[in-house]
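Shown next, in structure tokens, is the structure this report addresses.
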Amino acid sequence: MSSDYTQQELMIAVASREIRDGELVFVGMRLPIIAYGVARSTHAPNARGLFEVGLMRDRAATTYLGTMGDPPNVTGALWATRMSNVMALMVQGHVDLGFIGGAEVDRFGNLNTSYVGPPEKPRVKLPGSGGGADIAILSRRWVTLMTHERRRLVDRVSFVTSPGHGDGSPGWRKRNGLLGGGPVAIITTLCVFRFPPEGGEAFVDTVHPGTTLAEVREATGWDVSVDSDVAETPPPTEAELREIRLRAAVGAR
Amino acid sequence: MTMAEAIARFVPDGSTVAMGCALEPLIPFAAGHELIRQGRKDLELVGPISDSLFDQLIGAGCVRRITAAWVGNVSEGLGHCYRRAAEQGVPREIEIHDHTNFSISMALWAAVWNVPYLPARTLLGSDILRTNPRIKAADGLVHIEAVRPDVTILHVQRCDAGGRAHAWGPLGISEEAGLAADRVIVSCEELVDESVTLSDPNRILLPETKVVAVVHEPGGSHPAPVQGFFKRDHALDNAYAEESRTREGFDAWAKRWIFDVPDRLRYMAMVDMDSIRITGRQLSVPANFADE
Amino acid sequence: MTMAEAIARFVPDGSTVAMGCALEPLIPFAAGHELIRQGRKDLELVGPISDSLFDQLIGAGCVRRITAAWVGNVSEGLGHCYRRAAEQGVPREIEIHDHTNFSISMALWAAVWNVPYLPARTLLGSDILRTNPRIKAADGLVHIEAVRPDVTILHVQRCDAGGRAHAWGPLGISEEAGLAADRVIVSCEELVDESVTLSDPNRILLPETKVVAVVHEPGGSHPAPVQGFFKRDHALDNAYAEESRTREGFDAWAKRWIFDVPDRLRYMAMVDMDSIRITGRQLSVPANFADE
Amino acid sequence: MSSDYTQQELMIAVASREIRDGELVFVGMRLPIIAYGVARSTHAPNARGLFEVGLMRDRAATTYLGTMGDPPNVTGALWATRMSNVMALMVQGHVDLGFIGGAEVDRFGNLNTSYVGPPEKPRVKLPGSGGGADIAILSRRWVTLMTHERRRLVDRVSFVTSPGHGDGSPGWRKRNGLLGGGPVAIITTLCVFRFPPEGGEAFVDTVHPGTTLAEVREATGWDVSVDSDVAETPPPTEAELREIRLRAAVGAR
């Protein structure tokens, strides 16, 4: 057993388990790119990564990447192309899993990366969608990773940059013409939220070792719904930890 | 042509300028710094994510409108100049036309094919539909209005004097941005003979008829990387993110790195290229273009 | 994989098949002949101009619908099998969805981006708007309905076993046809190690995830040319144009060149490759993809 | 003076004079590709050629081309790309001049390359548009070359593949949203037709040496309108003929 691991390492391990073998993954930077490398080295040796800058890769880069367009991510790529071609694969339903970052997420999995406060006069101007909204709308399923703070996990985001399950009513995505399946998990520093298959509100699926449900409730901006028999998040295995640490520099800041 | 000349001749105040089209590598920082040095005003900047280039141009007061998917800086996320402009109108108010990476590409392809809009399957359910007046929901799709740059500025690995540019690595929206533009400025690491570029017409990014200026500008994308030439300069990224937190900090940064520097050659003398230079060779296997 | 296997597994009767996407070079004649040999029925053929390949498939009775800009033969224009089918229903009736080169490209890009149509500025004033039910005038534009091939078949210079294809020279609509398709069959002059293809990821035409079969088939586009490998075989073009004037003539031609020939290897033994082989070398100047 | 030349050589010379220096020309095969080479070697050294297969060139190929995609037309090209990029330049108005072939042309310059007789049951199925309709609609001006026969120069084509001046009413193209300017000349084996600037009906501009107006009228399917002072087509100059003959093999059949 590996009792000695950081919060980040646990999040990476959880994220890597979201990747199934053979899948095409829209990989983000930082933690997801490490998670992708870990998955490929453990349970998903045939996964492929797609990067909106215009790249497909199999092998994960093993040196530090400041961005997905840094040279180590290009050398040996399976395809170097235009962004619109990468988006084409996603809009055709070929991207199984996407990772999206965000400043705020709400109970229905909607992400805000645009404006805190009114868009005409924002309190905080966030950088914007990038490819986030595209991934949120078009990938078959997606996951977001977030520091668990009350100001980040809010009841409803004031601006939906990247739609999750919208207003939470069943079938909201289908009714509104969104092709992809939406968010399946929010991986935080304290727990893992998941969503009902038909969409709706995030519920606590597992709580990280050493964290209490009360702590999760306290740090969450909505009245958290919890399965009665909520389990503990399985900690990183020895193999996962080894791979994570091998690759830590890739996503290091 | 020098960068100063190219910017002076082809990018007047009020222009719509596409830059940073390869998303993260090949960002034309040298051109952007020259726009700032020449005090260009009222620009509309078009691009996907642009590294920190758009943030710098906003901080210097050059920008009237942002038409982009993301403005920040790659090292830490938030764009401090972008924040000040959007939140406080400092140094000036800016208008924002939010896009996604996919939608800005489609907006440029619409201009490429000279149609008023292209339909797309993205942005449904996003509030960007509420804030960007040039994207509308219609018939279960969104209609993305054409965005036509007056000028697109690209940094590439090599180019000849006739404007035939070779770029490699991921290209983002470089092709559609170049084809959509009225005119294109190319800066390049190497100015080569046409025997190099014409040896591989498939790698020529754009028709020479779009290219109005070729600037030989080694290091022109620094701190953003150029495949085969140099890596990202993370230290400079981080320094910018830190120093631009305040307006005064940005002004001091701009003085040091832009206003007190007459041109890229002098800028390059200030940075530690030895630590990021790519010295290895992983050459593409040639293609045979013989016809006999 | 052999061509016989690839066609048997991935192109069932009734398929919509895009071929001849580079317009004039790289026409996948070997694949087309195998379709004829296997007696494939009810195909919808999609392409721009296709050399004489579509004419041959029509003559052999494989085709239910033509969705193309032009069907004839490059050496003399009129496609005799096309004429017989359209004028007399011989050997069978065919349906024709007329396109232009531009509109068939847009129809494929619509499929690439998974939208029902793309708007375009061509075809206004043309009677093709009257005869193609999938193109409509609307708001001063035309709306070109998406065309999504079940299979796109491409011949290229080189490919590795993992489906990474390198093609060079003019590419016509190869890229959009491949991206729009459910699956892609690649035939190639050279089957190479992935160290060759991955040395230049920018020259990789399509994502390997689209490619279901790679067939090593030297001469697979003959009599259409392959840049760097062989020139057009004008003699064979002319012979086909002449012999296909009558149904009997076509049948005799098909017997000789297709039905009596078990595979491409035997076909190649029947043609005079020495007179058209390209022996010179005009190599592209390499690009350096190093990252260190 | 060069009295010794063929009909084809005269047509090529006339076609080459349509190309102005510095222009971007959508070049067809056969005679136009020779005309392009001649123009570049004489009065238009800075012209560029565009080919829908996906090529831009300056120097004209000097060996025989069966098609524009043949290897000699590719080596040394200025751009090898996708067809849709070439079309983009044209739809943006960057193509100054196009050449289009056709089976039939009518008095208003409309071309038929699709169907003789009803499309449902044609008497002759012609190969189709190729890029012809695109060039006809989108290039700034265009020219067609044709053997002068009554069955080819008809009053009205039964099927408009590539629109010229439509029904001949002034401003027909603009009213119907066609971006390009339309046909400016029909170069035949007997004469050169031109069109009024605002569109409309073709008139005989010059008659080839040795041809009478009566012969032109006899071979034309409509009541030909002729300028009272119709001139003779200037024969090929020595320089033109030399260049034409140098290049004859390029477009030879």
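First chain written, first letter: the chains are A, B, C and D, and each begins at residue 1.
Following the convention adopted for this analysis, a contact is a pair of C-beta atoms (placed from the backbone, for glycine too) under 8 Å apart; a residue touches a chain by one contact, two chains touch by 3 or more.
Since this is a predicted model, take the numbers as computed values, not measurements.
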| item | value |
| --- | --- |
| Contact distance in steps, from subunit A to subunit C | 1 |
| Centroid comparison with subunit A (C-alpha atoms), farthest chain | D |
| Subunit B-subunit D separation of Cα centroids, rounded to whole Å | 41 |
| Centroid distance [mean C-alpha coordinates] between subunit B and subunit A, Å | 28 |
| Distance between chain centroids, defined by C-alpha means - subunit B, subunit C (Å) | 37 |
| Whole-Å separation of chain centres (CA-atom averages), subunit A against subunit D | 58 |
| Per-residue overlap in subunit B, given as positions that touch at least 2 other chains | 106, 113-114, 120-121, 141, 168-169, 171, 175, 202, 227-228, 231, 278, 282, 289-292 |
| Junction residues of subunit A - those touching two or more other chains | 55, 70-71, 74-75, 77, 80-81, 84, 87, 91, 179 |
| Which pairs of chains touch, using the document's own definition | A-B, A-C, B-C, B-D, C-D |
| Residues on subunit B engaged by subunit C in the complex (per definition of touch) | 106, 113-121, 141, 157, 166, 168-169, 171, 196, 199-200, 202-203, 227-229, 231, 278-292 |
| Residue ranges of subunit B in contact with subunit D within the complex | 112-114, 162, 164, 175, 179, 198, 201-202, 204, 206-209, 289-292 |
| Complex interface listing, subunit D residues touching subunit C | 51-55, 64, 66-71, 74-75, 77, 80-84, 87, 91, 114-115, 119, 121-134, 136-138, 159-163, 166, 172-173, 176-179, 253 |
| Touching residues on subunit A, where the partner in the complex is subunit C | 24, 48, 55-56, 70-72, 74-81, 84-85, 87-89, 91-94, 179 |
| Of all residues in subunit B, those that touch subunit A in their complex | 22-25, 48-49, 51, 68-72, 74-75, 77-79, 82-83, 85-87, 96, 98-103, 105-106, 109, 120-128, 130-131, 140-141, 168-176, 225, 227-228, 231-232, 234, 237, 278, 282 |
